[in-house]
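In the two assemblies presented below, subunit A is common to both, partnered first by subunit B and then by subunit C.
Here is the complex of A and B:
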């Protein structure tokens, strides 16, 4: 049964990703990104990362997508009155992507990852909280400090500048 | 029937390659940001796939850090984009060539 869900979410990610490459509509792109992120949430649940799945729904689907939608709405018009979409550097882009695919394929083929069991543990939120406050306390505090800096910096650079 | 670990790694690689392609070939800066989000999610899928067989769930902790950093990055990027749009009236990456006015 779990394989069926795995292939279902994998297919959703594949379709939304490929459509995201070829779409020229920014609003469609935002919703396709939402579909892709929610399918990734399904993957997280399959791989026993339920806490991260909830975080992903809250922050990505709730926060970042709203931000991107705001960005699309606030920056939509060019002076000629049409949205600038389109492609450039097509050859270079496909070349780099092909190289990346070959590199990852070579890495996967030459690696020694055997089949592993996916654990089904519970009580992850407790475990994560304990680890955040003991083993990863430095990274946790640094992230908190970074969020403060981002808050101040974004509100400063987002306001209308006086002499521009 | 594929091994779930390999299948998850393939999905992560697909997300990363899609993101890098979108970052390179799209002209609009918002599309570039969407591509960066896809690349971060590809890395995150890899973390989670390896964390699924780890009783210490360290990959999941790293995944939470990545999500928070992605949120911070997108906030700053959008603030910069709004300023650029206010100044140049466009987000076409080919026309943003001047560093000062």
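Here is the complex of A and C:
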């Protein structure tokens, strides 16, 4: 049964991802991105990473995607009522993609965490919290500080453009 | 499983009753009669409305983006109904076995924004788009104070599982409960149960958290005084202007669904969930007598319906806010107060240990 769901979500990720790239309608692309990100949630749940699944929904599907869609909604439509995208810089895009794939592959291969280690079902949130506040406290605080700076910067630039 | 067997029929029945109830409550508050004609005291008014709605043609505007337009309302309802799967029903029937239940509930419910966006954009109508933009800005902003107020409860209970949070607020608790949570006072009320072990009494600061939660919840549900996305005087009907018939009905179902969901969540987080309000005093074991499978369901539902009533009461009492007032309320008042409360709850937790 698990395999069936794996193939189902995998197919969904592939189909939505590829259609996302080739569709010319920008708003469709945004919703396909939502489908793609939510299918990844399916994979997390299959592998018992329930906390990660929740975070994926909360941050990617619920947060970042909304921002993207919001940005698209406020852009101007073409006379046919669609936001059309074109394809440029194919060569450099190909290079960047290839680089990313190699980077991710290298990371996956060199990773020391085996699949068995993540498979515990209970206490994930607690474990992650404790690790964040002990082992990875510096990175955690730095990211928190970065986000704070971004927040202040965003509110400052928003205020400035209002008075200009 | 009980989500489909219990919550879905309950939700449908609730919508039937609540639409009628809301109109009657509104009429009572404004010294009117409300629905009077269909059946005695007009109780079949909603059924008649439903019948009319089902017969309407499912119109798709010519200039609309058809797939997105058709999918929008379904996504809104799916997202909200998925939230119900995390709710416990009584001590023996827990929700979905997700360890971080509250977080998942909020995450899934926040996805209804996508459906609203689809509806607003797909309609290809300026009013709908404005409604959707307002709805999303509002929901995304108010999610922060909502999350902060939930965080207070999670911090004090040290669990994100809704069933576990409920269990801590009654007779079935594992940890001893002290009056107002203060261990220094040394008055143990574990065996008394009832209202004394609810979260709002266990740590009275949570009462303020509840107010923030309730206000943010109203905004999340797009209910008055925060119903700017569908303000009929400015935007006709907001993001569901172009919908007719059953698709419009799904939006209505979703609106009442999230009202109910927010009330359920408030009851579970702050008012003891399925625990009885009565206290064991001396030889009168009121709390023990009013606990059991059916009693627990009764308490959960009755407390929830009281909160739903309060939501309706608020709707017909306060005027609608302006957009800038709405944003000011969220970012300048509720969010800082929420942060202060998180800090104070941390201090309270130290006294509870």
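Please note the rule applied: the second predicted complex is superposed on the first by the 116 of 164 C-alpha atoms of A that agree within 3 Å, B and C clash if a C-alpha of one lies under 4 Å from a C-alpha of the other, contacts with A are read in each partner's own complex, and residues count from 1 in each chain.
One rule holds in what follows: contacts are C-beta pairs under 8 Å (C-beta built on N, C-alpha and C of every residue); 3 or more make two chains touch, one makes a residue touch a chain.
All of these numbers come straight from a predicted model, not from anything done at the bench.
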{"item": "Partner chain in contact with A:12 - subunit B first, subunit C second, else both or neither", "value": "neither"}
{"item": "Which of subunit B and subunit C A:73 touches, first, second, both or neither", "value": "second"}
{"item": "Contact breadth on subunit A, by residue count: subunit C or subunit B", "value": "B"}
{"item": "Which of subunit B and subunit C A:62 touches, first, second, both or neither", "value": "second"}
{"item": "Which of subunit B and subunit C A:54 touches, first, second, both or neither", "value": "second"}
{"item": "Subunit B versus subunit C as contact partner of A:87, first or second or both or neither", "value": "first"}
{"item": "Which superposed partner A:27 touches (first subunit B, second subunit C, both, neither)", "value": "second"}
{"item": "Contacts of A:125 with subunit B and subunit C, given as first, second, both or neither", "value": "second"}
{"item": "Footprint overlap on subunit A, where subunit B in one structure and subunit C in the other make contact", "value": "51, 70, 74, 121, 124"}
{"item": "Touching residues (chain side subunit A, partner subunit C) in the complex", "value": "27-28, 31, 34, 50-51, 53-54, 57-58, 61-62, 65-66, 69-70, 73-74, 81, 121-125"}
{"item": "Of subunit C, residues touching subunit A in the complex", "value": "63, 65, 68, 98-100, 103-104, 106-108, 110-111, 113-114, 117-118, 120-121, 124, 129, 132-133, 136, 140, 160"}
{"item": "Residues of subunit A defined as touching subunit B within the complex", "value": "2-3, 6, 10, 13-14, 17-18, 20-21, 26, 29-30, 33, 36-37, 40, 43-44, 46-49, 51-52, 55-56, 59-60, 63-64, 67-68, 70-72, 74-75, 78-79, 83-90, 92-94, 96-97, 100-101, 104, 108, 113, 115-119, 121, 124, 127-128, 131-132, 136, 139, 143, 146-147, 150, 153-154, 157-158, 160-161, 164"}
{"item": "Touching residues (chain side subunit B, partner subunit A) in the complex", "value": "1, 3-11, 13-18, 20-22, 24-28, 30-31, 33-34, 37-38, 41, 44-45, 48-49, 51-55, 57, 59-61, 63-65, 67-72, 74-76, 78-83, 85-87, 89-94"}
